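Input: structures, listed below.
Heads up, the next two complexes both have chain A, just with different partners, chain B and then chain C.
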Partner chain A sequence: MAARSSNAGKRPSKFAQYRALLTKDLRQELRTREMLTSMVVYALLVLTVYGAALSQVGDRVQVVAFAGGMLWALIVFTSLLGLNRSFAHETESGCLEGILLAPVDRAVIFLAKATSNLIFLTVVELICVPLFFVFFLSGAELASTTPMIVLPLVMGTVGVAGVGTLLSTMTIDTRGRDVLLAILLIPVIFPLLYACVSACSVAFMGVEGTFGTFWTSLAVAVAYDVIMIAAAWGLYEFAVEG
Partner chain B sequence: MTYKANRCALDALVPVALVLGVALVIAGVVWTFTLAPLVQGAELSEPVVIAGQQVTTKLLLSQKIFYLHVPVAVSSFAVMAFAAFWSIRLLMTGKRMFDVRAKTAMEVTLVFVAATMISGDLWTCFEWGVWWVWEPRLTTYFILTLLVIGYFILRNAIEDPERRARFSAVFCIVAFVDAPISFLITRLVPSSIHPVVFRTDSGLPPMMLIPFLLGLFGMLLLAFALTRIALAINARAAEVEELKARLEEQDAQAQRASAQEALDRLRAAGARVSTTVPVSSSSAHTPEGVGSNPDSKDAVASSDSSSKEV
Partner chain C sequence: MPSEQGGYAVEAHGLIKQFGLRRALDNLELTVPRGAFLSIFGPNGAGKTTLLRALALLSRPTRGSLSILGVNALEEPERLRPRIGLISHRSMLYGDLSAQENLEFFSSLYEGEPNRARIDELLRLVELDHRRNDAVRTYSRGMQQRLSIARSLVSDPDLILLDEPYSGLDPHAVDLTDELLGRVREQNPQRTFIMVSHDLDKGFSWMTHALIMARGQAVFAGEKAGIDREAFRELYLATVGLGVA
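And then the complex of A and B:
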């Protein structure tokens, strides 16, 4: 809004539109803290369920071997919750209609929405991944390559935010939208999930000579991100109400 | 635009394709069980003599599923490609026709995907001794199954036909990305237990290659015929729905018109009454008024219609 009033009469640039939409989302979240709180609490609950699931195995099981998979299950379920919420308050008071009435390119709306989702997911991961380490990996011997998990985490989060934005826009007005988003999102992001879990597992184990798999998986994740975000970007104008 | 007008030359080929497809598949199956040699599996602990030949490895009868399983799987990819194509056409043109086509193609895809999953799982069970492994080809195909099912769940969740057409087209295009991945995964991930079947040096002897190709072309013809038949049914169903909606609208219009006409008649009668016999509306409503005045019905109606006008 501020950008528009400053150069009245002139159409604001694409970047100004993008910034205005993004700041709107961030400001709304900073004031209500609705999405972040629910996502972080939900992630904590998933960690608690993990605790129960692993409570009987004691020290006999090397958690490091499947820590990558557990971490990604946590991220996927938390993302589902966040993506559902991110459009909930867009529809609440006709906000989405307002945005669509403004002469804004649909691709800009997609980018702004995907960026805000990416930011929220990143914040949640910044809280949950250290907690995951504290709860499940504090006693384990971590390989020196463990910090490498940041790369698949970033690539995976970008993909989930991009595809999730498209699919959550489509499911927002449907019957049973929470379940529907899960039904659509999990199969669609599966290749990405598979690649990220494999890359994370290699980084956690840190076995000499397995890093070829790490880079291959990362390449698959990057290729998936590029293809899917390009597809989502192109298809977004059909997914929002025209 | 009626269904007849939408018929194209391809429909004339449907009976031919159906008969030829069934004949080819049957020929392939018969060949499979008569002429095609058995595939050698794991080594036996000691050589045995079967039909006058010394055999040192286990012969896999379950491999026969290959001659049907692979053609069905290839057909499912082919039909889904058409679904994605028609989805793109729908988004480009916005014509309802393409929504019906994409939906039909996805329905046929679902049939073929289910057949592939069942035949593949039987093979997995008999050949590998387990019901399921998270092997790349199986995993990506399982995901494809979920995507096709998800497509129909999405369709069912949206009421408005225009939005349903648009959203399901978007999802169909996104879902189709998995089909080439599933098809190519045996090349991308060499550790996959599935062999690369489609290559020029497939290594299949002619006695095995011919029934496979017969089955493949037969199944593709069947897929084509099934899609066209389902398309004809769905196009007719869509037309019936449209006609029903139009009929209901006409019915409602006729009802509205007759109601309006009756109202006008009453109003005219009321106007006549009020000019000839000036009665106050309060007296017209009283029971005594009704009994005394033979024209009271019209008077009541006129007061009613005038109140409606307000």
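And then the complex of A and C:
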């Protein structure tokens, strides 16, 4: 054919393929807002439930003690919803097969999908975390160390996006995938969840002499991210082609 | 082993694909000359789609050897991927993206950057250039199938696999798809086509070679020139009657 590419036979760069995959995901989400809308609405509903659950707690100090755990429960449940939706477009018309037909390193597909999931989770957190503060912590006296929650939030979100991308790929063709993803994700991310709740709680409370726990928890979260994302990167080919 | 330029488009020996205890492909032997149009028939569960997925490099055979376009498909699948296109009853298109965006995306996966000249050419070929900016979900099933054909051609493949391409199409869309496939075939006589179909008449009208499968094995393989249509129909119906294990 006349326009046969001069690049025929030449392999495209992995970065160019990564950019194409990521741009496609972002463009699609900006157009439909399916994933972001459902995640934000769900997060608002969880905040409403929290409001009802804590309506009888008069002492704001007690809420601060629970805040790390509450915040992470909100993030994990919202992430589950988003991760389940993240492959919906790929499976509806067999688009994932279309991608797999191309000479794309499967690890590049993982990286692009994990990045788009990370971006969507971050956007949702940027909306929901301030709302969490307004609804539940506005009357409380916050420790000066509270802004440090950003570190475990970033590390935790990276881990959830990475591991969640692998597990949601493994469950896309299964019956009851919504439940199965939750059954797989929560036990697998438990060490990360525990470390992030611990670090956030220390930052919220700001008690002198507990900062060793903060840094230890953060180190656990970083180590978890490195090990699990490297494993997910390596295993992705089997997950996506299985 | 044939060279990459001449010889067979597909050469498979002792191909086995095992799913647990079930053998979807059972010591399958297959040779398809370059430029041929092979139609694969058989009852449900005969292993037709499993074979097509193996040829599309979407599934690795458990055992056996597979050479596609003169390249060892089990050792160098990445080298072969740009040379193989797949058209299925599923469009493999993103409904919320336009035709142009879909083709640009798939073109980027093959070439790093979208090949706009080729995309323009393909949109004209499938007669969708006037709808290039419309979301694919607004297209009829027939239009989606034409765009899917364009998608399969972005890398100008030498081997085109068709998995029930007429499934779900109305008679007019079937005619348009036929016309389009005819044009694609005329453009490059060296291009090889392998089609899985339940439609005996459609498969027979296109084929230069035929393969009838049952229980993962080749029951019949041969050139159309040596086949009597009625005898072939009888054989096909007898094979369908075999069902699956």
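Miscellaneous remarks
Methods note: the second predicted complex is superposed on the first by the 228 of 242 C-alpha atoms of A that agree within 3 Å, B and C clash if a C-alpha of one lies under 4 Å from a C-alpha of the other, contacts with A are read in each partner's own complex, and residues count from 1 in each chain.
As a working rule, contacts are C-beta pairs under 8 Å (C-beta built on N, C-alpha and C of every residue); 3 or more make two chains touch, one makes a residue touch a chain.
All values derive from a computational prediction rather than experimental measurement.
By the touch criterion stated above, A:Thr32 is placed in contact with chain C alone, chain B being left untouched. Of the two partner chains placed by superposition, only chain B is touched by A:Ala239; chain C is not. Residue contacts after overlaying the shared chain place A:Met228 against chain B, while chain C stays out of touching range. Once chain A of one complex is fitted onto chain A of the other, the partner contacts of A:Gly94 are limited to chain C, with no touch recorded for chain B.
Looking at the shared chain after the overlay, A:Gly82 reaches neither chain B nor chain C. In the superposed model, A:Phe190 lies in contact with chain B only, and not with chain C. When chain A is checked against chain B and against chain C, the one touching more of its residues turns out to be C. Of the two partner chains placed around the shared chain by superposition, neither chain B nor chain C is touched by A:Gly162. With the contact threshold set out at the top, residues 241 of chain A are in contact with chain B in one structure and with chain C in the other.
On chain A, the positions that touch chain B within their shared complex are 163, 166-167, 170-171, 173-177, 180, 183-184, 186-188, 190-191, 194, 227-228, 231-232, 235, 238-239, 241.
Those residues of chain C that touch chain A in the complex are listed here as 56-60, 78-79, 81-82, 84-86, 88, 90-97, 101, 105-106, 108-113, 115, 117-118, 120-121, 151, 153, 155-156, 187-188. The residues of chain A lying in touch with chain C in their complex are 1-5, 7-13, 16-17, 19-21, 23-24, 27-28, 31-32, 89, 92-95, 97-104, 241. Contacts from chain B toward chain A in the complex involve residues 91, 139-140, 143, 146-147, 149-150, 153-154, 157-158, 163, 166-167, 169-171, 173-175, 177-178, 181.
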